[in-house]
Amino acid sequence: MLEKIRVTIWNEYRHELESPQVAAVYPDGIHGALAAFLGGVDAFEIRTATLDEPEHGLTEEVLAETDVLIWWGHKAHDEVDDAIAARVAARVHAGMGFIALHSAHYAKPFKCLMGSTCSLCWRDDGEKERIWTVRPAHPIAAGVPTHFEIDPEEMYGEPFGIPEPDELIFISWFAGGEVFRSGATWQRSHGRVFYFRPGHETFPTYADANVQRVITNAVRWARPTVNLPDSAPRAERLEP
Amino acid sequence: MLEKIRVTIWNEYRHELESPQVAAVYPDGIHGALAAFLGGVDAFEIRTATLDEPEHGLTEEVLAETDVLIWWGHKAHDEVDDAIAARVAARVHAGMGFIALHSAHYAKPFKCLMGSTCSLCWRDDGEKERIWTVRPAHPIAAGVPTHFEIDPEEMYGEPFGIPEPDELIFISWFAGGEVFRSGATWQRSHGRVFYFRPGHETFPTYADANVQRVITNAVRWARPTVNLPDSAPRAERLEP
Amino acid sequence: MLEKIRVTIWNEYRHELESPQVAAVYPDGIHGALAAFLGGVDAFEIRTATLDEPEHGLTEEVLAETDVLIWWGHKAHDEVDDAIAARVAARVHAGMGFIALHSAHYAKPFKCLMGSTCSLCWRDDGEKERIWTVRPAHPIAAGVPTHFEIDPEEMYGEPFGIPEPDELIFISWFAGGEVFRSGATWQRSHGRVFYFRPGHETFPTYADANVQRVITNAVRWARPTVNLPDSAPRAERLEP
Amino acid sequence: MLEKIRVTIWNEYRHELESPQVAAVYPDGIHGALAAFLGGVDAFEIRTATLDEPEHGLTEEVLAETDVLIWWGHKAHDEVDDAIAARVAARVHAGMGFIALHSAHYAKPFKCLMGSTCSLCWRDDGEKERIWTVRPAHPIAAGVPTHFEIDPEEMYGEPFGIPEPDELIFISWFAGGEVFRSGATWQRSHGRVFYFRPGHETFPTYADANVQRVITNAVRWARPTVNLPDSAPRAERLEP
């Protein structure tokens, strides 16, 4: 039998505490909403961590026991300690999966893994987003229809300052006229990275069945295949 | 001084002869419209070829003197001789650039180079297309704005059955609700391939300044760097 | 419980019948040697097919019941019927996995899927090959050491006329002085393609434990995720 | 007429001052050796910068006037100020080309751009390196033979902890038995990055004609196409 996938859901958890509007949408925090549906998957073992815990809840021990780390952050990216962002990146390099959600395009670990600006244009009026599955055979798209809608959502538009994705899975269409590469993967050393766009804090996006399916699929896909800490050994001569 | 880039514009040239509506838009044929603006570039030397010429106008001699081949076809893909499609692909393999326009997603040489279905969904009602530049630093996007519109155009929608592009440069937004990877590149052996979506025969798309700029840039980008005919030699041992 | 993966092993099966030297190495044919170790995997259901069977053993029915097709061919690539090569490619497009071994770099279905020459240089003197795992986290490399040797093997050298791989997993070092991209993957429409270099007919390469492990891993990796026959439908307008 | 390409050659410049052996090979520093041959190209305008200059010689002004930055470092990566490494990366994001040589695989700006460990194995005994051109049509390979040798050189071996390259151009074979992806490119936001392996400080590698050709080609290739500082604007609604 396969071992369980140990998932840590990291949330900034500030909007929910400061804004009654957001608290109404996510009474248990965004991490709570994610934990609720991911916790329903037998194969997953869920824990959560938030910015204001000691070491942001991401101690060496927690990361060592994490197979896949999900990240949601927005207004306090700068408060994430550089050393902890580097610790997260190092765990990804050794094999841990990393899933960046929505405004985590600007999270320190994600930017550090991408090596690019990760900038985009945006509009938070609330409008219809239609997500197209451009690579239906990818495991992250399993069971996801050719297109599905979230209405309303915040708009994110191109150009998105990412490296050319290894695999582009979803592209969004917005009623206001923009497009966006909404779901994409990258390998970084031995770990897998997935970015998924939806999830503005004022909208109940994480209650959407298709969004839940994508994130659930992504956890399975991002599961580590190895655990190879960084090293640069001197090698003995093999020949003749 | 750089030598001129020898461009051959290939057009099926059937719609223009059979449909008064198309003839009104492209009185000199689509190849004529392309030749008109590409011919204005000093660095280019232009010739055209069409389906109903002997060997479709693509003799060994013509291809040997072609640096970049532009291809427009639609209703008569099947009438292109397999041997000539293979001849075109072989020239691309040796270094020639290849630019597939619009419905040439289904042209034999393009399908042969892609190794995929190249299928898509479509709707020819005529609607607004807005093209977003997702990789503004690419030479093919030089001087192209962040977005530009063509109205009306035929819609092409995802999923587009192409291999993951080496470089994705443009994504289209359609008023009817779809998105499409409208500009993308691939290397095939020693040659460069670019696909560019716009250009339905009933609309004056090739008169658009941005469309012209993209195609002009693409010709420069696709210029051969080598001329290396296929070979698989036995190699002598190098060591010790 | 997961359904079994239905594997069809295709072999040209000429060398073994014509050359006593090859017959001594592969008394049951190369397909037989592959079937022997793959058949030991509970999750796999194996059948074989060869060039001289009717339709090369690759009827529509056989392909419809094949999840992953393994291909070994060398001296009779030209005798493979174009229509059957196209049938194989179409099944890959719909989702079937395809694994090309050694001299199958020149097999019709592989070349058709790659869209490139797939040429290389070679030397069949027999010499040491050392295969390096450059992407150890890839599922195809699971359990494979950082490097392993096959001695003797035929040499294949760069430049290898393939499209830039989606994922480069193995690189070979040869005692005679060459290198080669020995294990690489590509997505083609909805199907997964893997090329793996080792396996000259005069050497018992397919008895090597690491070679067996790679091929076994590749079968699991190449398993279809979807079955989506080609189509290009007209789409109804979604908006407003 | 094209404007000149402004090249800044950055060198750590410690080995040459501390080791008589290195000083004998590079009496003017590695930057001096690079400047000597690059300075012979009319189209290039060369300046140099070293670690121990104020701001490592990489002030905002210098970077603003740099089209392509070449980087050689080895024993003092840690002494490069984080803020200046970030400044370099930001200039690459805006369009500046970046060429990392040899031990600069561990330079802060390169690691920051890659988002991976960039680790490798190594052996500094001095042995023959044979570099194979696997993508001869790439502009960086223009005029470079199918293979060339450097003897002796330091060995760098796989696995090399880089993201899958956008373009793999060179692979090295080492007499001691290893292989290495020696020349590769990546796009990072609007800038182009090239890594090139050769150049251990105790060997006269930068006097080699082929090495010089590759670096010269890379400067031309890495030239900026745009200058787009990072931004993330709010966008006005475009539709209807």
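Going in written order, the chains are labelled A, B, C and D, and every chain counts its residues from 1.
The rule is short, and it goes like this: a residue touches a chain if its C-beta (ideal position, glycine included) is under 8 Å from a C-beta of that chain, and two chains touch if they have at least 3 such contacts.
Since this is a predicted model, take the numbers as computed values, not measurements.
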{"item": "Chains touching both subunit B and subunit C, listed by label", "value": "A, D"}
{"item": "Pair joined by the larger number of C-beta contacts - C-D, B-D", "value": "C-D"}
{"item": "Copies subunit A and subunit B touch via same or different residues, half shared test", "value": "same"}
{"item": "Mean-CA-position distance for subunit D and subunit A (Å)", "value": "32"}
{"item": "Intercentroid distance (Cα basis), subunit D paired with subunit B, Å", "value": "34"}
{"item": "Interface hub residues of subunit A, defined as touching at least two other chains", "value": "130, 135-136, 157, 164, 166-167, 175, 177-178, 187, 189, 238-239"}
{"item": "Residues on subunit D engaged by subunit B in the complex (per definition of touch)", "value": "95, 130, 135-139, 142, 147, 166-167, 175, 187, 189-192, 224-226, 228, 238-239"}
{"item": "Subunit D residues within the subunit C interface of the complex", "value": "130, 132-136, 146, 157-160, 164, 166-168, 171-174, 177-179, 181"}
{"item": "Of all residues in subunit D, those that touch subunit A in their complex", "value": "89, 93, 112-117, 119-123, 125, 127, 155, 157, 161, 163-164, 166, 175-178, 186-189, 230-239"}
